[in-house]
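Look at the two complexes coming up: chain A is in both, with chain B in one and chain C in the other.
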Partner chain A sequence: MTTTRSALSASIDPAAEAVLDELILSMADDEFVIGFSDSEWTGIAPILEEDIAMSSLAQDELGHARALYELLAELRGAGQTADAIAYDREPADYRHARLLDHGRGDWAMTIARRYLYDTADGSRLEGLAKSSFAPLRELVDKIRREERYHVMHATTWLERLARHPGEPRDRLIASLEELAPDAATVFTPLDGEALLVETGLIAESMAALEARWRATITPLFVGLDLPMPPPGDLDGGRTTHGEPFRWLWGEFTSVRRSDPGAIW
Partner chain B sequence: MIAPVVDESAVRAALGEVFDPEIPTISILDLGIVHRAEVGSDGAIRIDLLPTFVGCPAIELIRSAVNDRLQSFGRPVEVSVSFEVPWTSDRISPEGRERLRRSGFAPPADIDAVHCPYCDSARVAMDSIFGPTLCRSLFYCRDCRQPFEAFKPI
Partner chain C sequence: MTDQTPPDRDLDGTSDGDGRTLEPWEVFRREKDGDPMRHGGSVMAPDALLAVHYARELYGRRQESVALWVVRRADIHDLADPDLLQPPLDRSFKKPGGYVMRDKLAAARQQSGQAKPKARSGQPKRPTGPAGTADR
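For the complex of A and B:
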């Protein structure tokens, strides 16, 4: 922790600042990692419309990540920059959910991951809609309007694959089963999150937001006869990253590492 | 020589001459992305812009275009990007909507209310939610058989 507090952090309960920092970092890392994974479809998606869709989704998510990293840099103060937070960490220091650590996979895997993440993120954003931290509340208000389109896209494709017997449905179910143990890791509890709730920075605990998320997706999963993700083991849900992420990290930091400190 | 008046209406008039880099027929005023245009008691001009989408890549270009245009007032200029209120497609002015239509873009409307910008037909189909920029979707007109783009309602 810095000893001099930034102008922005002056409005926050000092005890809650570290956990707010962790919350914003985890949200930014989630958006960054899924956005970068989506961008891997640019040029090779199954059809042209989906090439454009995945590229647009990636651009949205990287935009959200950048805005969140910028907010975090301002909160931390003392010469922090969004780029430094985004790129200058070792893989072990990223705090995205393990749900996003399964490699790009095939189209069914991409849709399964997007649907689980978009709906979970929606529940988390809802919990921040009335946050007592105005800059985060305002950004979330804007982000939610865009995420609505992401959920529409993911839902359309989930239904299309699930309703088509044979390979599309089989591949979708295989992907949902692979992701199932990590599906709820977006809701990995944050150290000291009770303080976030007490100070009105977030409306509810991660466990309560997870329950809301499950209630949201259950009707569609039941209707399509898809396997609901079981309660997962959230231990290390944002800290244990495997080989697929190390590879992705190598990709997205390669330009930065090729000329450290370069300014665009 | 009499120094030109520098007040909010003069600044806004100047902003009416800054155009969206992606759709050069519509000004940033008509697009509704100017949140605040103030001349402070210290004489400095302060502008707050609202991005149409958080990840809009044009916002930096617009910021520098605004800065360039306002230099002629000979005052310090500060242009910031803000999320204080969300930009929504309702912020596009009636004039802006008309200019979009004339440029071949359907102005933002609910999916059932989109009309072809060329022949005004309502017999249109959405091909893709996502289009060439974050703020646009792809449509096809079944009457005049033209593909076109529509602004997303947001």
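For the complex of A and C:
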């Protein structure tokens, strides 16, 4: 944080600014990482139509990440850029949820992760729909309109895999079980988030948003007889990144690192 | 497309494909409000719901459509019989181009001594009379 505040941050309670920064960074990193993971299906998805659909969803997520990084750069001021925030950090400095750290996996894993993440993201976005920070509120309004389709797509596939006994259902359940301990890490509490709630930047605490998320997905999980993710250990839910993320980081930063400082 | 959870019959495959085999679906798209639906192309999908998803991605992801219709190709009744559509005898008399009225009208006017009526906007205003009596 610089001592001179950006024009954008002037409207925000100075004490809340660091937490808001952390919130926007975590949202941007979530979208960025799932976007890159899903883009790994380009060219190898089950059928051409799904290949285009999944690639398009991945692009949507990268688009959301870009908009969030741009907002963050403006908030920070001092010559920050979206690209620098997105690409010029070490793996340990990314703040995405551990849910997104399991590698691309098979199709069932991709669908399980997409469903858990998209629904959790939906709950978080709902909590920001009336944020007192207008630039974030306006961006969230646009993102929610696109995310609605993402949830529809993930739900369509989750239902199909769950309802076909044998390999589709078995693989789906194996993926849900692998992701279960990390499923709720999207709701990892932010340091000082009480201040965000007090100042109306977010409507509710992460714990309250998690409860909403569980209430949203329970009917479908019960209807399909799928294992609900148990309450997870959220300690380090956005700071401990494993080997699959280091590999992904190496991939998505490779071009930028090949010529540091180049103008693309 | 709605964000309601679709009814089971769309998911268990009893009414919209068997959910396991891919089949072609034809996609029609409206480019902007007021335009007619035009055929855009086709997608392969195992059922109606995924067909709509894929139509959205292939024919709408770049905001090039404001509405889509997705129809299972098997539900389309086609007609391509040349005897019915391209019969061998001369049919030019059925085309509107077969009736060229301009010359016939000109000849009729000349015969009757009537001039060609002027365009509406060129007509003089009607004389004004007491309200409501002008046309009686």
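Note that in this section the second predicted complex is superposed on the first by the 264 of 264 C-alpha atoms of A that agree within 3 Å, B and C clash if a C-alpha of one lies under 4 Å from a C-alpha of the other, contacts with A are read in each partner's own complex, and residues count from 1 in each chain.
We adopt the following convention: a residue touches a chain if its C-beta (ideal position, glycine included) is under 8 Å from a C-beta of that chain, and two chains touch if they have at least 3 such contacts.
Quick caveat: nothing in here was measured; it's all calculated off a predicted structure.
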| item | value |
| --- | --- |
| First (chain B), second (chain C), both or neither touched by A:Pro91 | neither |
| Touched partner set for A:Pro181, first chain B, second chain C, both or neither | neither |
| Of chain C and chain B, partner touching more chain A residues | B |
| Partner chain(s) touched by A:Lys142 [first = chain B, second = chain C, both, neither] | first |
| Touching partner for A:Ser56 - first (chain B), second (chain C), both, neither | both |
| Which of chain B and chain C A:His64 touches, first, second, both or neither | first |
| Chain B versus chain C as contact partner of A:His153, first or second or both or neither | both |
| Set of chain A residues, in rising order, touched by both chain B and chain C | 49, 52-53, 56, 149, 152-153 |
| Of all residues in chain A, those that touch chain B in their complex | 49, 52-53, 55-57, 59-64, 66-67, 135, 138-139, 141-143, 145-146, 149, 152-153 |
| Residue numbers on chain A that touch chain C, as the complex places them | 47-50, 52-53, 56, 148-149, 151-153, 155-156, 159-160, 163-164, 220 |
| Parts of chain C lying in touch with chain A, wherever the complex brings them together | 1, 3, 5, 11-12, 19, 22, 43-45, 49-50, 53-54, 56-58, 61 |
| Touching residues (chain side chain B, partner chain A) in the complex | 53-57, 83-88, 127-132, 134, 138, 152, 154 |
